[in-house]
Amino acid sequence: MIAAIAGRFAMLVLVVWMAASVNFLIPRLADRNPVAERLAQVAAQGGSLSGIDEMVKSYEARFGLDRPLWQQYLGYLGDLARFDLGYSISNYPMRVADQIALALPWTIGLLGTATLVAFAVGSILGALAGWRRGPALARLVLPAFMVLSAIPFYLVGLVFVYVFAYRLEWFPTGGGYTLGSEPTLTVGFVLDLVGHALLPAFSIVIASIGFWALAMRSMMVTIEGEDYVLFAEAKGLKGWRLFWTYGVRNALLPQVTTLALALGKVVTGAVLVEMVFGYPGLGNLLFESVKLNDYFTIYGCVIVLVLTVAVTMLLLDLIVPLLDPRARRRAS
Amino acid sequence: MRINRRDAMALAGVAGVAAAWPAGAQETRTVARGRTLIVGGMAEAPTWTNFQNANYYAAGVDLRNGLMYASEPLFWYNLFKDELIPWLAEGHSWNGDFTQLTIRIRAGAAWSDGRPFTARDVAFTYNMLIENGNGAKNLRKAVDVAQRVERAVVVDDRTVRIELKFPDPRHLFIHPTSYYAHGLYWVPEHVWKDVEDKAAFTFFDIAKGWPLTTSAWSVARVNQTEIVLDRRADWWGAKTGFHEMPAVERIVVVPGGARDRVVQMLATNQIDTAADIQDPNLMLELMRRNPKVTSFTGTKPPIGNLDWWPTSLYFNGADPQWGDVRVRRAIMHAINAQQVTEVTSSGMNDVSHSPFPAFPPLVPFIDGVKDIARKYGIGTFDVAATERLMREAGYAKDSGGFWAKDGKRAGGAMHGIPLLNQVGPVLQQQLRRAGFDVTFFATPDSRRIMMNGECPLMVFGHNGGSINDPLATLEMYHSKSLTPVGRPTFFMARFSNAEFDRAVDPIVGMAPGDPRIMAQVRAAMEVWYRELPEVPIQQWYHRIPMNTTHWTNWPTETNAYMPPAVNFESTPVFVAYKLKPVA
Amino acid sequence: MAHRLEIDGVRRVFPGRAFGGPSVVALHGLSLTLDGARPEIVAVVGESGSGKSTLAQIALGLDDPSAGTVRFDGTSLGRMDEGGRVRFRRAVQAVLQDPFSSFNPFYRVEHAAILALVRFGLAPDRRAARSILADACEAVGLNPADTLGRFPHELSGGQRQRLMVARAMAMRPAVLVADEPVSMVDASLRATILAHLAAMRDAQGVSIIYVTHDLTTAYQVADRLIVLYRGHVVETGTPEEVLKAPAHPYTRLLVDSVPWPDLARPWGRVPKVADGAPVADGCPFRGRCPDATAVCARMPGPAVLSPTRTVRCHLHRSPPA
Amino acid sequence: MTGVAVRRGAVRIGITGVRRYLARNPSLAWGLALAAGLVLFMAGGSLAWDTTLAEPLSAPVARPPSWAHPFGTDTQGRDLLAVMIVGTRLTLKIGMIAGGIGVLVGAAVGFTAAYAGGRIDAAIRTLTDVLLTVPALLFLIVVASSLKGEITSTTMGLMIAALSWMAPARQIRAQALVLRGAPYVVMARLGGMRGTEIVLREMLPNLLPFLMASFVLALAQAILASVGLEALGLGAQDEPTLGMTVYWMMSYSAFVRGFWWWIAAPIVALCLVFVALYLVTAGLDEIANPRLKRRVVA
């Protein structure tokens, strides 16, 4: 068992290392100089570009960008091993770790919550629709949600923003909270936060319920045919008990696996939602740093993504067998 | 970092994660909305980046996020009235040959830690930059300062003498005066002299009172979505009776983010002013939705104030296909600038026929070369002329209907910054209709491609150009500004002409307002119009929304005490001093 | 020419996943020789997981042993040249368990057989191949007109399995591996199919490895019986010897579990443990064995009870020579 | 087994058979109907409407729908009906290039991995997993940068294709692994067939419905990716794809100015495309995965 965990962990390190290496190389393939670009951008405010070449050289030395690529690569791996993400090039002397720490709560708060809500609602809806004795209503609304799930949620978001924020003015058009209000942990402020998160969250939920419902429904259909359910039914188990203890509980496990992966991906896949709703999360940070080719911030964001997905996978591999006797048997 | 953690915590609360509130979180006092100025700042992203950096000379700084309110210049300049407004300085004097500029510091000026603001701070700032510009070269503006200034000498606490490397009658407007993006920021000697690595210094620590400021507001708290500055009771200006205490008690600067969001926030009175809305129709819509919002000219065209960036189509001088002036002219005649302004601004941006912004001090020069412009047919949309010139230049239309010579089509990629997204596609279409195979791109990479000279055509505005004197714009076409392809420059025409240089050179030694300048400008523009390094298209207007719900006395056409643009570093500070509360 | 297939000391270990995970030993050094000069049916019996299907795969050359060799006409499969491979491929054929999925649903039923007949030079062209197959069909009691040219789903399970046997006959192999050929066929057809297999042995001289979990059919057709438990050969002998007087406790368990039509026989002895945990060494069956003692922690050596009979159990010892 | 029975419907095509099959698989029927509608709109539109009106300066600016411009016009004088006709085609073109290459490369890689097994399989699997971590955004901007920003709808499709093969490769590998052990594949090996021949002759035909479903899914994913990138302003700015229309609509404040027709046109078109593809995928899935016995959209 220990050996298995150690082996799995070694695999994790291998994948993270390879992913880190690939993602180290990709931004370097672009014919761009992040130092020069940032300086030029700042200079555009200041009106003068004189002396920019000298400044570029000076900062390249400061960031070690004047060294051969392999030395930079080794240095990068060394820093990474110490969890040191270094400085942002375009926002020097800000640290990449600080940038990520600022962006992460927004992303997790919005997308994490929305994903969980969609998961819960979708799974229950799917379970009801897949259960033979479930309410007919569930079977009726399911197709509508499934069709909605085909539509990317930023499009749903755009429609919502137009209708509910611009036309009806029920919700703010964007942002994290009301401007000028004090960020304190009071009921009022938290409500304000929720108010701002509602519209984006709602559009994500609406557009992803169908995905969860569909998966849950087919699991339920399969389970309903299993012998143990028929047996339990024959024993005279009542409808709802049967539904929860035999149906939902067994169908949920593969769903949880998918959920863990979805939550891992929440960290990245959010650029457009964040843009449509003016939300200051990690997707936004990645987009801005990609635009300026800020190597170090790009690396930081990608590493967060890679680690989240890889660690989620590892945890799943380790935990699922404990939860699911079927998987445990397969493993042995 | 404490405040950021608070944000994180609050959000974590929304996510349903139970979180303990960090003990001892700082309480800030409450300020009434009627005494708070909320500004939607310039930000493409919905967040501030690097908002904990108040070192104006650091490479990654962006003071337009609101930290600008924590600084003041020696002089302000109001170009509408051509008026120099001494602030931290009382006045200045020149020696006879414009090689020594002496500045007199205002009595009683002080930093927010109580230490007086003296000539030493000015001299320290200058000498720090000169030393850096001659050595490490990692501070912004340092190389520029070192190229122009020999040294700054403290004569006494209130007098500083700036010794220049060459006669430069414009120096007052290059470093000591703040307007648009020009001018230096002054740093307190007593803090900065001990800083070892000035490029890595952020000058930011609220606990220490950093950034120290001479202005009436100092930074109270910051996070990635707002910068909050509170008025200081002990501001030197009020204490000495130099200026009344400003009515603005608190300034909150939020990242505007997307333009639509800014408009919405203005319509609902969440913010009082914002960065440029650009689109006059959008401004009209905003003023219709919230009649309390006004512009520099109200609802009257151009619904804004002129900017120093007239839009032009630049030819990349390093591209051989533009070697023949007839091709450049042919392209000029293919452009219908009137249609560009009709489509992009319902005709509210004036068509431009020169590289100068039409500011009052520059209007005489624009008018003074009109006859030359006319002689060269500048700004005439004439497809027949295009046809004739292209044939003369040896081009013929190929099967696709595009001009081509030796199998190569005239045109290519036309890059622009996303700000000019409205203009680009219109120009592209006009040029295509006239037979030029042109494609417009405005990508995140476009700025670099343009600056490095890696595309044949560019849509751009003048950067570093003139405001009150024609020299700065003319110098952009001087061969000393010529940069090889691959090295970045804002002078994208990559133009050089010895005759032009000879006409411009003497202007350097002539003080602004010298009547001899006109003859030199005419001589230079004769070459410019003849050689046509770029095609002037239209003037550019800042459409700055100003909300009168909480604040009045915004700068307007009839009360033009300062241009209202918030994206220039120091002018908003001046406006903040002048605002009057409604309630 | 009589071919000879020797499986010699074959061990097959399935590695765990990369970086850890326990590996599974499916076969522990199994030996079995089929001599074309003396065609016989060897039944390999055992419960699922006993390694009998792995043995079938290895005998067919579809899987490679981790240790030990498989020799065909004296040459190890691993060192065979191209021609040898083709000869082996042709000579060793199979009838698989699942008559439903043994046919590619995309093609008509004769597709694979005709292709193989032509490829191995048993027929000069597709027409000839078809007629060879038709003859084989008739031999197994199928009407070629009703069978050939149809899609797999249009035939019944029994028809399909008989067609598989017909295909095997048409190939004229030296060795046939029949991996549970009747387990998914209606009981009424089992005897027929087994009879065809026996006929192949008798008429064509084909040696057959008959893999099954069903002792009854093994008893009916086999000349020799091998009982596998967790990759170990626990008992060998003639069906008569083994089934009438099982020597190994596991064989006994198997035999007792069979619902014999003889009503006088008691049905089943309840095993001590339903599903014994795998044991690291010693007798693999000791976790379930009702007769297990301390000595079973050591692996018993094979005891030769008769010239045709061996057993691996501490209860038995070879009689002194 | 129903699986075989369902597969029969896909393989043996007859008009009545198709009709009967579609009646049993309404999601496929609806999906195909929608797709046919879109094709009709694109093809019929190109014939009946002047598509050069999709260029800027072709129409009066910012007009609501009228007889002259049934879908209205945008602020740069594009006729939105023409934009939709051209844009739907361009957007589908991007998806076809990316999805097509993605599935072809994915199938090649997936079959190789499944058939070769062992180290090669492990290497391919790790490689695809690692490549899946590369953010599309990063890759696109880096490639665009080396193209000097000059992105066209074709290069856009190719760029997305480079990121589109990993997911199909994984799915096809998994399916091929299942098939590799299928008895009929074993029988083919016993009949003297070798690797490539088995893959092409025995496995591929049975994977066709699955590959079709994979392709439609990859097509939808590619369109999703391209529209996302275009909406961020990273597309072929010169071409009126649906994603670029979203970008222009957003950057020219169609929301605030209340140009509902400009908002509606690309969003409705995109929704129709996505829903059509979704329904077709769901329908094909029923063929490819016979275990889903019930109708996908009940």
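The chains carry the letters A, B, C and D, assigned in the order they are written, with residues numbered from 1 in each.
The criterion applied here is as follows: a residue touches a chain if its C-beta (ideal position, glycine included) is under 8 Å from a C-beta of that chain, and two chains touch if they have at least 3 such contacts.
Note that the structure is predicted; figures quoted are calculated from it, not measured.
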Identity of the chain that, by mean CA position, is farthest from chain C: B
B-D against C-D, pair bridged by the larger set of C-beta contacts: B-D
Geometric centre: closest chain by C-alpha means: A
Averaged-CA centre spacing for the pair chain C and chain A, given as whole angstrom: 52
Between chain D and chain B, distance of the C-alpha-averaged centres to the nearest whole Å: 45
Separation of mean Cα positions, chain D and chain C [Å, integer]: 48
Distance between the centres, which are taken as Cα means, of chain B and chain A, whole angstrom: 38
Shared interface positions of chain B, touching two or more other chains: 258, 260, 264, 444-445
Overlap residues in chain A, where contacts from two or more other chains coincide: 32, 166, 275, 287, 290-291
Per-residue multi-chain contacts in chain C, two or more chains: 18
Sites on chain D touched by chain C in the complex: 1, 4-5, 7-8, 11, 122, 182-184, 186-193, 202, 205-206
Contacting residues of chain A [partner chain B, same complex]: 32, 35-55, 57-59, 62, 88-94, 98-99, 101-106, 108-109, 112-113, 116, 165-166, 169, 172-180, 182-185, 189-190, 193-194, 197, 274-275, 278-280, 284, 287-288, 290-292
For the chain D and chain A complex, residues of the former touching the latter: 126, 129-131, 133-135, 137-139, 141-142, 145-146, 220, 224, 227-228, 231-232, 246, 250, 255-256, 258, 260, 263, 267, 270-271, 274-275, 277-279, 282, 291-294, 296-298
Chain D - residues contacting chain B, complex: 55-57, 61-62, 75-77, 141, 144-145, 148-151, 233-234, 237-238, 250-253, 255-258
Complex contact set, residues of chain C against chain D: 18, 60, 62, 86, 89-90, 92-94, 96-98, 100-107, 112-113, 115-116, 119-120, 151-153
